[in-house]
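First up is the structure itself, then whatever we jot down about it.
The first chain written gets the first letter, and so on, giving A, B, C and D; residue counts start at 1 in each chain.
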Amino acid sequence: MSTNSFGRLFTVTTWGESHGPALGATVDGCPPNIPLDASMLQKWLDKRKPGQNKYTTQRQEADEVEILSGVFEGKTTGTPIQLMIRNTDQRSKDYGDIMDKFRPGHADITYWQKYGIRDYRGGGRSSARETAARVAAGGVAREVLKALVPDLKITGYMVQMGADKIDREAIDLAQIEQNPFWTPDAAAADRWAEYLNGLRKSGNSVGAVIEVIASGAPAGLGAPVYAKIDTDIATAMMSINAVKGVEIGAGFGAAELTGEDNADEIFMGDDGLRYSSNHAGGILGGISTGQDLVCRFAVKPTSSILKTRKTVTKLGEETEIITKGRHDPCVGIRAVPVGEAMMACVILDHVLLHRGQVGKNQGKIG
Amino acid sequence: MSTNSFGRLFTVTTWGESHGPALGATVDGCPPNIPLDASMLQKWLDKRKPGQNKYTTQRQEADEVEILSGVFEGKTTGTPIQLMIRNTDQRSKDYGDIMDKFRPGHADITYWQKYGIRDYRGGGRSSARETAARVAAGGVAREVLKALVPDLKITGYMVQMGADKIDREAIDLAQIEQNPFWTPDAAAADRWAEYLNGLRKSGNSVGAVIEVIASGAPAGLGAPVYAKIDTDIATAMMSINAVKGVEIGAGFGAAELTGEDNADEIFMGDDGLRYSSNHAGGILGGISTGQDLVCRFAVKPTSSILKTRKTVTKLGEETEIITKGRHDPCVGIRAVPVGEAMMACVILDHVLLHRGQVGKNQGKIG
Amino acid sequence: MSTNSFGRLFTVTTWGESHGPALGATVDGCPPNIPLDASMLQKWLDKRKPGQNKYTTQRQEADEVEILSGVFEGKTTGTPIQLMIRNTDQRSKDYGDIMDKFRPGHADITYWQKYGIRDYRGGGRSSARETAARVAAGGVAREVLKALVPDLKITGYMVQMGADKIDREAIDLAQIEQNPFWTPDAAAADRWAEYLNGLRKSGNSVGAVIEVIASGAPAGLGAPVYAKIDTDIATAMMSINAVKGVEIGAGFGAAELTGEDNADEIFMGDDGLRYSSNHAGGILGGISTGQDLVCRFAVKPTSSILKTRKTVTKLGEETEIITKGRHDPCVGIRAVPVGEAMMACVILDHVLLHRGQVGKNQGKIG
Amino acid sequence: MSTNSFGRLFTVTTWGESHGPALGATVDGCPPNIPLDASMLQKWLDKRKPGQNKYTTQRQEADEVEILSGVFEGKTTGTPIQLMIRNTDQRSKDYGDIMDKFRPGHADITYWQKYGIRDYRGGGRSSARETAARVAAGGVAREVLKALVPDLKITGYMVQMGADKIDREAIDLAQIEQNPFWTPDAAAADRWAEYLNGLRKSGNSVGAVIEVIASGAPAGLGAPVYAKIDTDIATAMMSINAVKGVEIGAGFGAAELTGEDNADEIFMGDDGLRYSSNHAGGILGGISTGQDLVCRFAVKPTSSILKTRKTVTKLGEETEIITKGRHDPCVGIRAVPVGEAMMACVILDHVLLHRGQVGKNQGKIG
């Protein structure tokens, strides 16, 4: 039982700190004979990588992933896959002046209280750099899913920055790759660019909401009652740095509905069941229905900002702090590929678990 | 690895169906020499028990818990505690006419697809009756916490029914036990009573939002990065029937804040650290700060309603369904003690895990 | 992570003490739609049950198993199966005089040191009664294996009592059911009967060695490197009360062989591979070869005996002890069905794990 | 749940193949603030390292371990410790001629059947090179144990090569470091040197038995009933390559004893309990007594030998095979430090688990 592991049969254990020599993921439970090489993972890392535009941290990391084990002659062997990413731009000196002060909203104070060790060079283990390992592992999951669930498509995008939400009528998935915010609403992208530019210049930051959808997932995934697929999605997303909320389908909005309105009515479609709506987010009783799996998660604003905030030192003296360094004005942007990666891991894990425990779906309709 | 288990060192495995002979929880990892008898658990079960007022299902269940193992001469022995609750009011005939139809929004269709077995008598394993086992196990956790964290206080209450939220200025925790909705806002209780009465008569249902707070939890709980205490709270709450969203502290509201506004500034108080606010919900980097742990979860409306909804049969024929039987018009009400129980289990689990992995807190401030 | 759980996908959690109200097993991960009723489990419990002849404890336990969950209309549902066995013959007064003394070779002293609670009425949780729960769970595993691996046959028998081994040339499996020692060597059974009768009358006990063979297990079971099937068999057998050693195939004898002699040469037989011998016990690199899986385990003599032994009291006074009560002169006898049950659980667990992680065997020969 | 993980709170996940770029161990659950650097691990790796004398494989591996994470300024941080060892002497061409033949007694046939991938360059994941990762992880465990259980001393040594056992009367632990077999019996070392030299020249190999003792382990370690410390030791040792049997204390010898003779009588010594003997190997009911923990395991002869053996090809053709390459004539020799490392991991894991679940020992005697 590693507290740095995620997943039941497809198990990802991440390791590494923001300013250590390397970080990575030990991926176990990957089925054999799946084509895999580093370039297949690199494309996802490149998407998450910092320094790509002015809206993300200017830290320059190549984020090059090496596969150290578990692959032979271009195919997975069924044994653990070790993915390593060397840290290359650890400019620790940036952090010298905050060595003994705690940043409000940052994990440095709780890590200190718990462990009595403070890696003042950056977030240490609590840094968002850890999510690079998740994205690499998610890349492995995607390659396996290509073989096992060829129709599966996972799409993440930003639906809200600060208080400004996208217009759901204006969603055009083709837009996602066209703007630095991975948002399907081009008008929102324009507004956010201006807003974030202002925030960045003033040394402030802001939160965001990300939505991740998986279409093509089969019915039957999810193991009641503590391995429900919605529970596992919530676990996955909430474990990402800075995430403060997760919802499935109608989510908190479901609390406002009556049972009559919330019911997704069921019909026979041309190729199977058809539902009138998807308030359930594709999950009933913790098991997938075959509809789109839909989740959203809220990312708080980056806590490392150039604004003066009151805090204390290790010695218990009251003081003020400004956090210099290279930080994301909206860390939610880079959370998009992370959310996608986690969704891929959860779905693959449940595909394998379902196959192990149940074999294949047992009940037919019609 | 049981998919019906929850917790790392304090491990709860629930079992049982709504209309089988019994249900219960196997509780492992309970420290020895903790005073325990059935009455200590019964009081929590009585709080959750159906049929106590017109706003919950009229099913009559004594919900009497028996302790079958793990206790000797009134104290825990350190071995597994088996908690059993006999089902006594299984009026299966109520369900006869829905035997071959699927209820929109209900797990019967996904259980059928996955398992090919449909316990048409009720929700089977997906029924909210499973939460009785959680409440019993949570009762064990509370007794252990009394010994290990005497200052801990866990309080759950309803903060929203349908679209109607409580007035946060009007919160009076003493009110919680004074109304059938476990809400700290007396005026809201009056409004909800009227609203729910109308819904109930019309055979409809509605969702709700529950808040659970734990005060007195020590700093240092939570094991990065996949056993963060906020992650485990999210897992716990999302695994409860009908829950569609979970948030910590400012939650989805944090997405709307700037870093400057979201920062909980830190000061030295009379007896330790003091924070200007608690947007973090008592958790930074997945580790507790010592502030109140705050979470909220959204419960969807009960899917079994007297309203006519369109659906299909096992044979794939389109049809309509009205679900007779005895259901909760707002299942969120009874989710309050369940949320409290899950919070108790999560906190105890992390107290034990922290003690095992870290020993005791390592870093002092001041 | 329950320390009272065994298995990865087919997970058995046992609970209960020798003199509590009941004991049992929570079985999770059982595939759905497997025919199951209590009588299918009872036959195995009847085999293990005490008091059947003069060579086992005279405690009278009906050992009647009830299925409390996980079965609907005679078939498994895929949800947890709760198996409960009420204790009926708890003659606690027998134990009164050893209340404050520790029995040499018995767990009462270590349980006291660890937990500070001593269930002096019997072994409490350390009692061999716990194995009744294993046998019941093993019965579930056997029913599933009937469906998934129809050719599998598991056979356990005693191969040594005290220093007296069976004659391997004289093995006749048909003899196993013909004598109270479950041994395939009729002559050994006669010798042992006389020997054990003498021991029993003198209030002494003796150890034994049990062999369990599984034929018909497919090649490919076992997950390197910490879930090897031989490792899991060793774990399973060593976890049984009083077991002090486990070996696979040639076992300790393999240490004496040269590589040339130990090699099981490989040939093409009429229906697949054929091996010249089975020193490997059907397992290479932790993965099954398709040959018979062969293990043996050593059971120490019962520690509760009528012979006077020196010991201490809780107060630290040196004293002597004679353990009255109803004990097995050779607890190894009743370990035979327990070993079979554990083998069934291990094999099923690996069948499910293999299906989950690998799908089906990937490499063909010939 | 990684099948390449070992341990509950101190969790070691090994990864890597014999001829890949690197192998290593991800170590999670290490307490913070323990002094640690690579040199502390290197000394144990140097002990296991091949090519040190003519009795072990002539493969030249530096086996230099790098710490990639989890340590800051010379101390553990409480986060995962990544240990990496680069493979440097992968002379794959040695294996070319056995590319399509299976070695009798070797895992290549079962890996092929299961995974359909055969890393013909060496044993791949099944190679004994994997044990380097265990030794490195064991080194971490030893450093933690130094802090938590300062009196603990773990000693492994060879007690049998082929059929030739050491003379227990002649044991002199000081001899262990004086001969290439890590045996405490100098005369046996001389005999084995001659014997093994002959075997090596003839291209044959032989098995061995290793004993590992831990003195100074506290009473109370072990969590009944499936995390007994003897069970976990058996699991640990049986998971090592080529191990075919494990026993605790008197082990298989206990089967030959009567209850009267097997009882370890208990007395009050000058500084606590004193036992007349240690047939139990320091463990009663799965919990440590405070006596020496004693286990032995049997290692089969290396299967890769220069002797001609009959086998089949992937195509199913019968043929013969001679395995050239660089192999250990008695792989048991290098199993000594591996057994010690596993013992260290098991004990530390139980020290942490005990601390988590129980706090500290609860019952006093005297």
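In this text, contacts are C-beta pairs under 8 Å (C-beta built on N, C-alpha and C of every residue); 3 or more make two chains touch, one makes a residue touch a chain.
By chain, with names taken from UniProt: A, B, C, D = Chorismate synthase.
This one's a predicted model, so the numbers in the text were calculated from it and none came from an experiment.
> Count the C-beta pairs in contact for B-C and for B-D, then report the pair with the higher count.
Pair with the higher count of C-beta contacts: B-C.
> Relative to chain A (Chorismate synthase), which chain's C-alpha centre is the most remote?
C
> Let me have the rounded angstrom distance from the C-alpha centre of chain B (Chorismate synthase) over to the C-alpha centre of chain C (Chorismate synthase), please.
39
> Distance between chain C (Chorismate synthase) and chain D (Chorismate synthase) based on Cα centroids, please, to the nearest Å.
Whole-Å distance between the two chain centres: 26.
> Approximately how many whole Å separate the CA-defined centres of chain B (Chorismate synthase) and chain D (Chorismate synthase)?
The mean C-alpha positions of chain B (Chorismate synthase) and chain D (Chorismate synthase) differ by 45 Å.
> Residues of chain C (Chorismate synthase) touching 2+ other chains?
Counting only residues that touch two or more other chains, chain C (Chorismate synthase) contributes 1, 3-5, 8-9, 14, 29, 32-33, 78-79, 114-117, 125, 224, 353, 357-358, 362.
> For chain C (Chorismate synthase), which residues count as touching chain B (Chorismate synthase) in their complex?
Against chain B (Chorismate synthase), the touching part of chain C (Chorismate synthase) is residues 1-5, 7-9, 11, 13-17, 20-24, 26, 28-29, 32-33, 66, 68-70, 72, 75-82, 84, 114-117, 119, 124-125.
> Inside the complex, what are the residues of chain D (Chorismate synthase) that reach chain C (Chorismate synthase)?
1, 3-6, 8, 14, 102, 104-118, 123, 125-126, 130, 160-163, 199, 204-209, 219-220, 222-228, 230-231, 234-235, 238-239, 241, 244-260, 262-268, 273, 276, 279-281, 283-290, 298-305, 307, 309-312, 314-318, 332, 353-354, 357-358, 361-363, 365-366
> Provide the residue numbers of chain B (Chorismate synthase) that touch chain D (Chorismate synthase) in the complex, in ascending order.
Residues 1, 9, 29, 31-33, 78-79, 224, 352-353, 355-359, 362.
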